[in-house]
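Have a look at the structure below, then the notes.
Every chain is named by a letter (A, B and C) in the order it is written, and numbering of its residues begins at 1.
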């Protein structure tokens, strides 16, 4: 039993790291723009395909395999730069201020469009590219051998948590974002250019989702249907943590990762249902999530 | 326009009503529905099947078709989901031009199609799905399975393991969570326990079909410290699993058995010493296959056309097409050379033996085909850039098939050490 | 005003009546369209209260799986299956609804999503009970205790669904014109005022929720019977979202709206299946176009024409 604790922890944190990237982007966009983007998971899966394709190109062009790491990061940046402002200034901007039903439906429409675009551009088969994983090698703890890549994922997630918090607190744009989150009308009346901030926040969200997809490629590859699975899990994590709460998303990701891994180890049939049961239990006790607060009641 | 529609509808209805009843004039073409995965993670396994179908059908058409009638194949993607597959099958079957269906790859889809197959009375060749429940009731008139089923296939793996590794104690299993995966796990473990009741199953995992990330499963398997890891994963799932488990040492710490492992040999990711097989005898490099000129030319044309060697799903599909062609010949011989109806074709399919590209298949009364089982261990090859199968054995299919009418699981439980002793040894098939 | 609608409706009914003869390949598609329309109608009921549920596929699935289990137990008469399946979903709706009607807006949506994903995941993983991702097969039911072959049953199911659709549409129309129905719209407008009037918003919503769950379960029974097979995907979140899509596409202004949306989508799909693979793209664009330019959906389009004609 004791011998299982370390594998359990490592796997939980790795699993948590991957879903955290998507969930934090979703929650950030909700916090700033007050829009729940159903298409967010598509950025993850398109990010995965772009990253896999870019890495394959790096390998086939005979470049140094270490450049695949750069490729992973670059693909997220490229995707965010291409899609972020575009989607934000067209669809998302239009949905601001409309009812949730409209927002959910509009972004669901976007999800459908992106699903097919992904299929048309990247095809219907799975792509695998594991160079970054093999490059980093393995470590053994006890009888279990781990990929060092898994550790990299966990470190990357921690960096993102702290990085986001630092950005919000220390940088100018971060403070502007916080102001908009806190009181949008006040921020507008003080002369803050909310539209630019929204674009920035949304693009950051896309970047984080695409980064999650890219970082997942060396272990899981890219496959059709990834977007749909990811978004619903990201919803669960974001809701558990409290919509709009970055640290909440991190904690929720850890809890969900733990739940899934414990399930695989001890009750494999419950693995798929574990995150949603956690979501239900948390929402029963704290309807707005662990760190969330009552934002939606308006009379 | 309404009138035309009515007339056409009446014609269709009349045609549909007439078609199955009696033999007809030779049609302009014979429609065949080919069901396989052409999208998604399963396409890695399904596309070789489609390629083989394309190649075989082209070859037959070049030689003039079946008794002069060209084959017109419609490929249906199982990746659209079971609901879509059922709808497509019905749509194709309602057109009397379609006479035969080659369906399906996934056991889920075969099981879901079975009611439609029997209701619509279209001879259907289950070219790949092997879950034994499909024909277990013995009452099927239109569903045929020339390539064998899970009972023979997975009992064979257990027996090979016991031959190679008689002192095995701790066994872990990792199989996809659907009919075939559960079947594989049940039959493999039941066979082991029938001969060695002291064997311990230390892990029995069922990841969802289509899972891409097996890291947690690998950790779980490593932590259980098994002597043997048995897996019937396939398609992209198998490729992903191998790539993720290999650097973590699973292959060196345990004896791994990959029931559908031959499909990933060419990816050159498997180390030596992995027990693999072809769920039947469909290995193109087997001594029997290499002794047949038609097989060698098939392989050569396949390599030339597609840039890769075939894998066993390709051989299964090719064998299914041969089975179909032979059935037509048999049916026409039985009715004096006239083009057979669907029913006459079904009758021809329901019995007899036919030569496949890699051996022989004998069809029983319950429409199950009895096929030999080829299993071996991966070894490096001096002739190819990828590992090949060595230390091979070829088990006689008839010996490993439960007698008709007997409950397959009861038969599995009754497998004795004597049966094991009577089998040819690993390395005996050269 | 009224004669035009009556003529239109009569025309639609005549077309529906002759489809199995004139265009037999459409029968299956239209049966499913009607089943989907029923669920969309259920979703529309809640949309009128301003509540969006992205989890209603769970009731669709529960209806379908109920009859699969009943069929396995030997109950084979369609009408019995229909009643029991609908009741099963209604009971599930009562249990879930009692909990979720306390919430509004985004939280209502998320909770429905969470519960539906629990149901979906359980169905998909409990292989030994539900057949897991393979699903369960349904043997062809009898109708009015008369045994039928599948093709005959399919015809009967089609006509029965048309009749059921009309009855349902009428009943929901009366419901929306009743005090309970007006109270629903009032919840979206100003819930507090409604409470001041002494009407419990929660009770109104719970009633609506149970009705919508029953409608969805009914749709599930019909869809399962038509396909002959039930799958966990019946309860997937994308399926839920598609039901909402149909409701909005068709318009929630009248009970006919969701059915109009469903027929439109299925016919569009059948027409385009030979031309293009990009079905999701088309649906997504259609959805966005309707939301932006036709907020009242296709039904709203007809109503506008009606108004301008008078």
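FYI, a contact is a pair of C-beta atoms (placed from the backbone, for glycine too) under 8 Å apart; a residue touches a chain by one contact, two chains touch by 3 or more.
Predicted model only: the values in this text are computed from it and were never measured.
Asks: Pick out whichever of the two, B-C or A-B, is joined by more C-beta pairs in contact.
Replies: Most contacts of the two pairs: A-B.
Asks: Need the most distant chain from chain A, centre defined as the mean of C-alpha atoms.
Replies: Most distant chain from chain A: B.
Asks: Calculate how many whole Å lie between the centre of chain A and the centre of chain C, each centre taken as the average of the chain's C-alpha atoms.
Replies: Averaging C-alpha atoms per chain gives centres 32 Å apart.
Asks: Based only on mean CA positions, could you tell me how far chain B sits from chain C in angstrom?
Replies: Centre-to-centre distance between chain B and chain C: 39 Å.
Asks: Specify, in ascending order, the residues of chain B that touch 2 or more different other chains.
Replies: As it turns out, chain B has residues touching two or more other chains at 206, 208.
Asks: Residue numbers in chain A touching 2 or more other chains?
Replies: Counting only residues that touch two or more other chains, chain A contributes 269, 272.
Asks: What are the residues of chain C that contact at least two other chains?
Replies: Residues 124-125, 127 of chain C touch two or more partner chains.
Asks: Flag every residue of chain C that touches chain B in the complex, lowest number first.
Replies: Interface residues on the chain C side: 21-25, 28, 124-125, 127, 132-135, 137, 139-140, 149-151, 227-229, 231, 233.
Asks: Spell out the residues on chain A that touch chain C in their complex, using ranges where they run on.
Replies: 36, 38, 91, 94, 99-102, 104-106, 108-113, 115-117, 119-120, 228, 232, 235-236, 239, 243, 269-273, 276-277, 279-280, 283, 287-288, 296-297, 299
Asks: Contact residues on chain C for chain A in the complex?
Replies: Those residues of chain C that touch chain A are 47, 50, 52, 54, 103-107, 109-111, 113-115, 117-118, 121-122, 124-127, 190-192, 236-238, 241, 244-245, 248, 277-281, 283-285, 287-288, 291-292.
Asks: Mind pulling up the chain A residues that touch chain B in the complex?
Replies: 3-4, 7, 10-11, 14-15, 124-126, 128, 130, 133-134, 137-138, 140, 143-147, 150, 216, 219-221, 223-226, 260-261, 264-265, 268-269, 272
Asks: Using the touch rule from the top, collect the residues of chain B that touch chain A in their complex.
Replies: Touching chain A: residues 38-41, 43-44, 47, 79, 204-206, 208, 210, 212-213, 215-217, 219-220, 222-223, 225, 236, 239-240, 243-244, 247-249, 253 of chain B.
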